[in-house]
Amino acid sequence: MVDPAKILSETNVYGLYNTFKVQPSYYQISMADRSKAAAEVEAVVKKHSDSVFVQAYLTRGFKSESDFLLRMHAYEPAAAQAFLTDFSATSLGRNSKATLALIGVTKGLNHTTKEKSPNLLNALKSTSYSADAPKYAFVIPIDKSPEWWNKTEKEKLAMMEDHTIPTLPYLVNVKRKLYHSTGLDDTDFITYFETSDLVAFNNLNIALHSVSEMLYNTRYGDPIVMGTIMSVTDVVEAISK
Amino acid sequence: MVDPAKILSETNVYGLYNTFKVQPSYYQISMADRSKAAAEVEAVVKKHSDSVFVQAYLTRGFKSESDFLLRMHAYEPAAAQAFLTDFSATSLGRNSKATLALIGVTKGLNHTTKEKSPNLLNALKSTSYSADAPKYAFVIPIDKSPEWWNKTEKEKLAMMEDHTIPTLPYLVNVKRKLYHSTGLDDTDFITYFETSDLVAFNNLNIALHSVSEMLYNTRYGDPIVMGTIMSVTDVVEAISK
Amino acid sequence: MVDPAKILSETNVYGLYNTFKVQPSYYQISMADRSKAAAEVEAVVKKHSDSVFVQAYLTRGFKSESDFLLRMHAYEPAAAQAFLTDFSATSLGRNSKATLALIGVTKGLNHTTKEKSPNLLNALKSTSYSADAPKYAFVIPIDKSPEWWNKTEKEKLAMMEDHTIPTLPYLVNVKRKLYHSTGLDDTDFITYFETSDLVAFNNLNIALHSVSEMLYNTRYGDPIVMGTIMSVTDVVEAISK
Amino acid sequence: MVDPAKILSETNVYGLYNTFKVQPSYYQISMADRSKAAAEVEAVVKKHSDSVFVQAYLTRGFKSESDFLLRMHAYEPAAAQAFLTDFSATSLGRNSKATLALIGVTKGLNHTTKEKSPNLLNALKSTSYSADAPKYAFVIPIDKSPEWWNKTEKEKLAMMEDHTIPTLPYLVNVKRKLYHSTGLDDTDFITYFETSDLVAFNNLNIALHSVSEMLYNTRYGDPIVMGTIMSVTDVVEAISK
Amino acid sequence: MVDPAKILSETNVYGLYNTFKVQPSYYQISMADRSKAAAEVEAVVKKHSDSVFVQAYLTRGFKSESDFLLRMHAYEPAAAQAFLTDFSATSLGRNSKATLALIGVTKGLNHTTKEKSPNLLNALKSTSYSADAPKYAFVIPIDKSPEWWNKTEKEKLAMMEDHTIPTLPYLVNVKRKLYHSTGLDDTDFITYFETSDLVAFNNLNIALHSVSEMLYNTRYGDPIVMGTIMSVTDVVEAISK
């Protein structure tokens, strides 16, 4: 079985984010049959657990475009694709419409490295998430302008330091993960966050809107996907009621 | 039960705005069954009344994308999500398509505070809504540009004062409420208004288009949602005819 | 009954423009039943004739997004909403999808007034529509940029004079009506025209593209709705064949 | 009957371009019934042949938004609308969705006239299409910026001469037709081309991208509609298989 | 039969890329009937193999807009259109919706020719793909701004050299193919890549974002289509489960 802690911390791992909107046809299936959906989906998750780690989120009510979000991590995109192909053959999958698909890959640090920004790296390493288990997750695709990409590393480093400094206070109550997507998908980065403190998360985002790096973001969300963190079973049951 | 007056005036409260378009399938349900829809929705509202305050608006005819709007206030987004999940299982919910979902949080004043702008604060406090009960509500999402967010507080304050001065005459006939959404949703602010005087409301908006703050708005509506203020029962009955 | 001539010439009147696309389901209704649709719609128009003046246009073939346009004038938006709610319960309404909804209000002159531009006002008043009854109508939403709204009245007046001078020759063969929508809807103005001379109308629009005011228009149409002017009965019959 | 050669060469003629996507419901009609569709459509074309000249193109496979394109020429838009209303009542029309509708009018030359640009006009007149009957047609809507429209005729003429010179070599293998749409539709021009030499057509378009006039185009296609030139009967048969 | 190696390396060849989303109706066909779909599609591919070379890719899970991609090469677009018309009459085609269609033509080198850039051409020729058979393919439409097209060849050549130099290291693990579409479709270029090394492909794209040529790209993807390279049979079977 894929080790969640390991795959979530390694580089060269593919992250796939797929949102789905349950179609009216799902609710024409009898309640009795819908109550078997969670087990059916869990079986598919288990079948692929050697190569794909799957997490689920309830987005219903937060986003009009979707009801739930699946997050997959795999060492090979084709493995996640195989899982999604099987998922789409479950009764829930058959009656859900994919409304967003994002793919990215984890890589090492580009800017705040030991060589280029040792103090900042220390600051980042010295603090860790200490709040209760987070309740909500956010997926925010980010695109940077050609002007950004044409800057020297020195210029980009300076701006990424300005990006990082105001975020340090949020290390304690916001978890984060970064994926690189340039060329793999229509976004440069996928950013992912978990938190229970939404006012803090709003303040963090305002802080990042207020540094000069923001002048080079051509996409910030669009969509921002917000979901409640739940087990796969709980998500399927919530939407199967 | 959630106290409406309290939750509508506190900070750290989540406001959710969801519009719905009734699907043709709803009108294939017999008129007799549709006539029970209002009671069914009211029951769901009541079930969640300890954690969510729900209001409704008829948007049919004003907006092509929706027939009605639900406005929810809760101390926890998951509570509103639970309400919406139950709502979507009513006969009206099953046959309605969510077409817009916005979420924001209430916070204290940023600019026109006692410290930074005492006179303006006094002026704001000295006038209050004195017209008859308002008939219409407007939801207007607002986004500000990276250039705005990169300004100093002094610069932003000056522009927010320019924003506020021409609006003072409208305090008597326009009610308003502000939510912060940066990072929580694809908008920076959700603004909400109630009024019966639409010419005044048009003039107010023209006034706000004519100050320099407007040069930094990258989204102003899109959509502007206009609805008639009604009880939940009345809205459901109007669309169930 | 609402007096058409009066309501079409007064200020503080709400104009609503709604386009509809007939759905395939309409043509699954028997021809016999479809032939009753015009009478059914006329009855709804009549029921509301004390508070709403309704006109209809055939857009089929001119616009892919719609088959017909309803134009409503009322002293209160809720009255038009009540009409549209009843309309949507007719067999045609049930089987039509609203594809655009615009609302605006009529107001007095802003720029070419007796005080500010007496000569131009005289020129405007001295000529009137003298061609045959117009065959076609156009609805063109217009948005102006924040830069426009931040100009002084003197600057705006000068540009509106430049707008008006080249349009004078078209007073004889183009009818027009202006609504203000800032804050009420996602457009600043709704402009409405009637004409039989489409080459003249094309030339008029080219003339208005060629003055500096055009540099401040951020929306010009999008969509431009073109329809054939018909009675409500004729429109319903044309699409019911 | 409308004379094709005449109506295709006169000014003050309305050109309408409508694309359609055949809906899945069409293929639930029996093959036997579908095989009558061509005759049914031809009958409608014939019925209106006194006022409308109709041509057809197969777009299936070239464009995801449509399967076929109808091109109509009429001296009065209402005549084309009447044809399209009848067409939409055929079995093919009933089961096709209009996905694009464009309308424009033919006018005399604006720039390369005998007075303003005699040499160029001579060059244009001295060469004509000499290749085999063209196989493909392209419809390309073009919009010009407010900056363009605010230029003097002298400036525009100079740029239109730069537009025309590199196109002269393509007169022998590309046919073209121009419609004016400002104010009539959401585009300034509809351009239409026929050719069998797609590499030449690609080179022609590159040449026109490379002159300064291109800096003032705010829309170039979007969509470019490509179709195979066929008889109405052949198009209907191709999509009825 | 069309020779794949030949048609994939010649100029004046048309490349068509079509993505499809399988509709829910497909899964209402019995599993037994769906299991015949691959043979049915293969038969259509074979029928047209004298004029069209067809390849297939599984996009399900990578893209929400599609489940599979067909890539066609033909000496005449009408030949590919004939194939697609037959494909759309198979049980899979009938129940799939075309969601994207792109067409372009192969041409000789424009910039890095023997005359203009001999050293670079040598470098390009001296290295070839040496990794294992690639697993994934990417289709990325590219549009260049009017400013780009108005540059001199000397200026464009300099920038294309800057484009090419950082890409040389990727010749060993990324295959590529370029099509020209200006005027034929709503994009200037279609670029196509095959690789198994997605981190390398991400780095390659970042390298190309970081040269000045990127400042003239107005479209880069939108969509980027990612698919798993498979035989036609395998793709049809994967989505028919």
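Lettered A, B, C, D and E in written order, each chain numbered from 1.
Keep this in mind: contacts are C-beta pairs under 8 Å (C-beta built on N, C-alpha and C of every residue); 3 or more make two chains touch, one makes a residue touch a chain.
If you're wondering where the values come from, they're calculated on a predicted model, not measured in any experiment.
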item: Path length in steps (a step moves to a chain that is touched) from subunit A to subunit D; value: 2
item: Distance between chain centroids, defined by C-alpha means - subunit B, subunit D (Å); value: 46
item: Inter-centroid spacing, subunit D versus subunit C (mean Cα positions, whole Å); value: 28
item: Shared interface positions of subunit B, touching two or more other chains; value: none
item: Contact graph of the chains (line, ring, star, complete, other); value: ring
item: Residues of subunit A touching subunit B in the complex; value: 24, 27, 58, 60-64, 135-136, 138, 140, 198-199, 201-202, 204-206, 209-212, 214-215, 217, 221-224, 226, 228, 238-239, 241
item: Contact footprint of subunit E on subunit A as seen in their complex; value: 12, 14, 16, 18-19, 23, 25, 77-78, 80-81, 83-86, 88-89, 94-95, 98-101, 103, 105, 107, 146-147, 149-150, 180-186, 188
